[in-house]
Structure formats: structure tokens, C-alpha cells
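For reference, the structure I am asking about is given below.
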Amino acid sequence: MNFLYSLDLLGTAAFAASGAMAAIRREMDLFGVLMLGLVTACGGGTLRDLLLGDTPPFIFKDETYLYLSVAVALLVFIFRHHLEFLHHPLPFFDAVGLGTFVVIGTGKALEFKLGLFGSVMMGVMTATAGGMIRDLLSAQVPMVLQREVYASACLAGGTLLYLLHRYTNIPHAWSLLAAALLVIIMRLLAIRYNWALPRANDFYRD
Amino acid sequence: MNFLYSLDLLGTAAFAASGAMAAIRREMDLFGVLMLGLVTACGGGTLRDLLLGDTPPFIFKDETYLYLSVAVALLVFIFRHHLEFLHHPLPFFDAVGLGTFVVIGTGKALEFKLGLFGSVMMGVMTATAGGMIRDLLSAQVPMVLQREVYASACLAGGTLLYLLHRYTNIPHAWSLLAAALLVIIMRLLAIRYNWALPRANDFYRD
Amino acid sequence: MNFLYSLDLLGTAAFAASGAMAAIRREMDLFGVLMLGLVTACGGGTLRDLLLGDTPPFIFKDETYLYLSVAVALLVFIFRHHLEFLHHPLPFFDAVGLGTFVVIGTGKALEFKLGLFGSVMMGVMTATAGGMIRDLLSAQVPMVLQREVYASACLAGGTLLYLLHRYTNIPHAWSLLAAALLVIIMRLLAIRYNWALPRANDFYRD
């Protein structure tokens, strides 16, 4: 599954860049920037493997993810005054990473025979926990808990993959692709049209 | 042990409600409310199972806990302007959950042959870690570190269970019941009489 | 390896004291002080063991660490108005703990056959994750992400140990000692001469 692995690395790089940028915004030092890049890119999958009991986690079995994350974070740090060119493509790469991480997480949970809720949760966690740890380490309320159709896109993709896997005969590769595409498209539409979930303080719409 | 399981579900529901309310107070969106309900209710037991090496954690073996937590959080979100009726019973249910979670956690640690400190710690963690994660995700100093006889009640209950289990012949079910009751009663008395632990800044009492 | 064990306990005590002091500064109650002492001293090694899949973690196999941490935190709480005598020696003990924790963490990762990045990361994590959890529980951006040559000293020591172990025939005990000394000396020099890593906002030096 070389295509999935390529998408996985692309997503890892995009997540590492977003982590490094958050660290720069918080005026952390070089170590903080590398570290936030690392946990944002690799934290979700690591937590998933911990919960599945598959230790040591994937990052220690294929260190490519670690080196890639740190290299990207280092580049972001070095060129931190010249990152405007990233503003347009980054949300796109981020969406690709989101879709890829969801199907990898839910797919792995299916191998471990988890139920519907557990499998979808593993997909969502793989895709969003890295960003949540990033926000915690920046002493902020995690962005994913407050804004936009981010986790919902992951939920939809994970659920689709579970249902296709359990109730159809579609080849696994096609199921993965369909679920990843659903996440990516929902996420890009949400950015484009500024979709949002209802909030507890939506006074005017209550 | 159907009675214990019923109390466990009651406690799970109470913890999920308190998590959902915290999310609403922080103006999170629907996903944030569901997610905070989930981690508050299930986070402590999940962390315990991770530390005991019993993976995947209990929530993935019996998804009832997951569905119940999300259902309660959803109800809290929907009826968020009409929750006054919960103000009186919630602390009571919360205390029941606290006592139940402590004895389940310490009891499981005893099965894994942990020592006194480890067993009591597992009980306290099962009961309080969910709330700590809830507070972390809300970017607040965890309530349990600052206020009232909350963790102390758990410590007392866990210690009692360990001692009864190791040094007496009392049937396990009775030990569980006695320890849970100790937690619940201490907690309710602490609320009623506003008990507090000494603090580092108690100038007037130094 | 009794000498290493003694250093380990010394480091545990120093870390517990720093955790307890942070809790006192945040005006937590007695439980919060004990708890922050405990997680600061034992959190890094616990996380390492979780990631290596070596459960239950070391603290549950030898409860000395738990009792020592809580005892130190309790002493700090009791004598909280008379801690000036700790101001000078504490950074020194802290540096000793840092060096010891790094070589214990990297050494254990080598036993588990992790690669270069993974092994060094385990050393850094063993030494710094406890302090990061301490800062998270105090709702602060972790100190290690912002200040001084702290993690860098750990990186250097972990890398030295890995290289000595893999590419030389030096006896393991000497490698451990050399790597630990490197961390301790770098850390003490960093304090003495106020070394710092470049930060993202170093405008005047860009």
C-alpha cells in the first residue's frame, strides 16, 4: 500500500508544520518548535497504538516519521519569516493528512476487532489527538473542541470505513480511499463555506 | 456483580454530565461537549487499564460506557438551558460515581497484585483522572488539585479496601461495599460541611 | 548497579521537591502538592514504560519511588516557609537527576532494541516528561519548551550513550557514567553562564 504510505508521510509533514508554527507563535525556543512539530505529527498515532496495546508504537518501528517531523519543523523554524507561501497549500495538505490518518486509525482498529464506536474513535483520535496535545502544550483550549467541522469530518469518514468493511464486499483499498476522500472533501468544503457545528452559546439561533 | 455494574453506569452518567457542563461553560461546540463528556466519564478507567497493561481498555470491550457517556452529554447539550433540576441531585450521583470508581480501580489493581500505594493510586486515578483531563482540556488547573476533600475521600476508600482485602476474611463484595460507602459518605459530608484540606497559602492558620 | 540506583533516588527526590514547590506557588491544597511531587518525579519514567509496553511501570514494581516522592513533597509542604536553604543545592540535585534519568531511559530503550531517534527520545522523555506534566497540571506552557539548555543537555547525553553502546566496546557502566556526566555538566554550565537556545522571536539576532 505504497500510495497510502505516501499520503501518510504528506500528512505527517503537514501536521509537523502546523505544530512548529504554533510553537513559533508562542515564542518557544528551538527545542520547543521541534518538539511541538513532533507531537502534533506523531501524537495521535502513538496514543492509538498505546490504547490498542501495540507497543512500542509505530514511530519506533519505522523512524521515518520521527525524522520527517523534525526535519519539517526545523525548516519551518529556519524560514519562519518567509512562510507566506505555505498559507494557501497548508490547509489542503492538512486535510489530506486528516483523511489519511482517519482511515489508518480506523483500519487498524478493525484489525484489532474493535466495535463500531471504538473503531471510529480510533480514527478520530489518530487524526486529532496530535493537535490536541499541541494545544495543551501551548496552554490553550484545543482548537478541535471549539471550531469548525473538523472532528465531524473524521467521524463521518471513520463510520463510512467501518460500515463498508463490515457490511459490503468492496475491496479494502477502495473502502479506505472512499472514506479518506469523504473526510478530505468535507473538510475542504467546511473551510470554503465556513461551516460550523452548533455551539452552546448560539443565543440567536436558540 | 450486577449491583456494582449498575452503580458504575450511574457514576459514568454523572461524570459525563459534569464533563458536558464544563464544555458548555467554556462555549465549546457540539463535538467538544460530547468529547468532554466522554473523557470525563471514561478517562480515569482508561488510564488505569493502560497502566496495568490491560489493553485494549475496558471501554473497547464493553462499548456501553461509550454510548452512555455520549448519550448523556448529548442530552445535556440539548437541554442546556433547562438544567436547574440537576443542581441538587448531581453532586449526589457524582459522589456515588466516585465511590464506585475507587473500589473498581483498587479492586482491579489487587487482581494485578499491586502493592498498597499502587492499588490505592489506581483507585484514586480511576475516580479522578477523568475530571483532571476534563480540566486540562478546558485549560484550567484541575479542580481536584485545589478544592475540598475530593481525592482524600478516594484515598481513604482505596486504603480501606486494600486493608480489608489483605488482612481480613470479609467477603470481597462486603469489602467493596464498605469502601465505596466510606468514599460516598466522606464526600457528601465534605460538601455539606464545606470541609477543606490545608492549603499552602493558609496565612491565618499558620 | 547500586550507585546508579542511589543517583536515581536522589534525582527522584529533587524532582519531587520541584513539583511540590510548583504546587505551593499555585496555591494548591495538600493533595495537589503531594500529587504534583509524585507526577514530576515519576511521570517521565512511567510514560517511558507505557511506550515501551513494559507494564505495569517501574513505580508499581518498586514502590520506593512512590513513597520517597510523597515523603519529600510532604516535607516541602510542612516546611514551605523555610525553604531558602534549598535554593542553592536544588538546581545541582536537579541536574544530577536529569543526567541519571536520561541514561536510565536511553539505556532501557537500548535493551528494547529501539533505533537512535527512539532511544534518545526515551532518555529525554524520562528526564523531562514529569516536569511537562507538572506544568500542564499548573495550566502553564511547559518550562522545558521555553527556556535554557535543558532538553538539549538530555539530547546530547542520550546520543552519546547510544553511540558508545553501538559503536564502541566501552563497558556499559562507563558509558552510562560518561553520558550522565555530560548531561550534568552541560546543565550546570547552562545555569552558570545563562546559555539559551535561539528563540523564534530573537529579532535582534536575525
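When the chains are written out, they are named A, B and C in that same order, and each has its own residue count from 1.
We adopt the following convention: a residue touches a chain if its C-beta (ideal position, glycine included) is under 8 Å from a C-beta of that chain, and two chains touch if they have at least 3 such contacts.
Because the structure is a prediction, the values reported are computed rather than measured.
Trainee: Can you give the rotation angle that fits subunit B onto its twin subunit C by Cα atoms, in degrees and rounded to the nearest 5?
Mentor: A turn of 120 degrees brings the C-alpha atoms of subunit B onto subunit C.
Trainee: Same or different interface residues for subunit A and subunit B, judged by whether over half of the residue numbers are used by both?
Mentor: Answer different: the two copies use largely distinct residue numbers here.
Trainee: In angstrom, rounded to a whole number, how far apart do the mean CA points of subunit A and subunit B lie?
Mentor: 30
Trainee: What residues in subunit A touch two or more of the other chains?
Mentor: In subunit A, the residues touching two or more other chains are 50, 53, 136, 139.
Trainee: Which residues of subunit A touch subunit C in the complex?
Mentor: Contact set of subunit A toward subunit C: 23-24, 26-33, 35-36, 46, 50, 53, 55-57, 59-60, 63, 66-67, 77, 80-81, 136-139.
Trainee: What residues of subunit B sit close enough to touch subunit C in their complex?
Mentor: So the residues of subunit B in touch with subunit C come to 50-53, 112, 114-118, 121, 132, 136, 139-142, 144-147, 150-152, 155, 196-201, 206.
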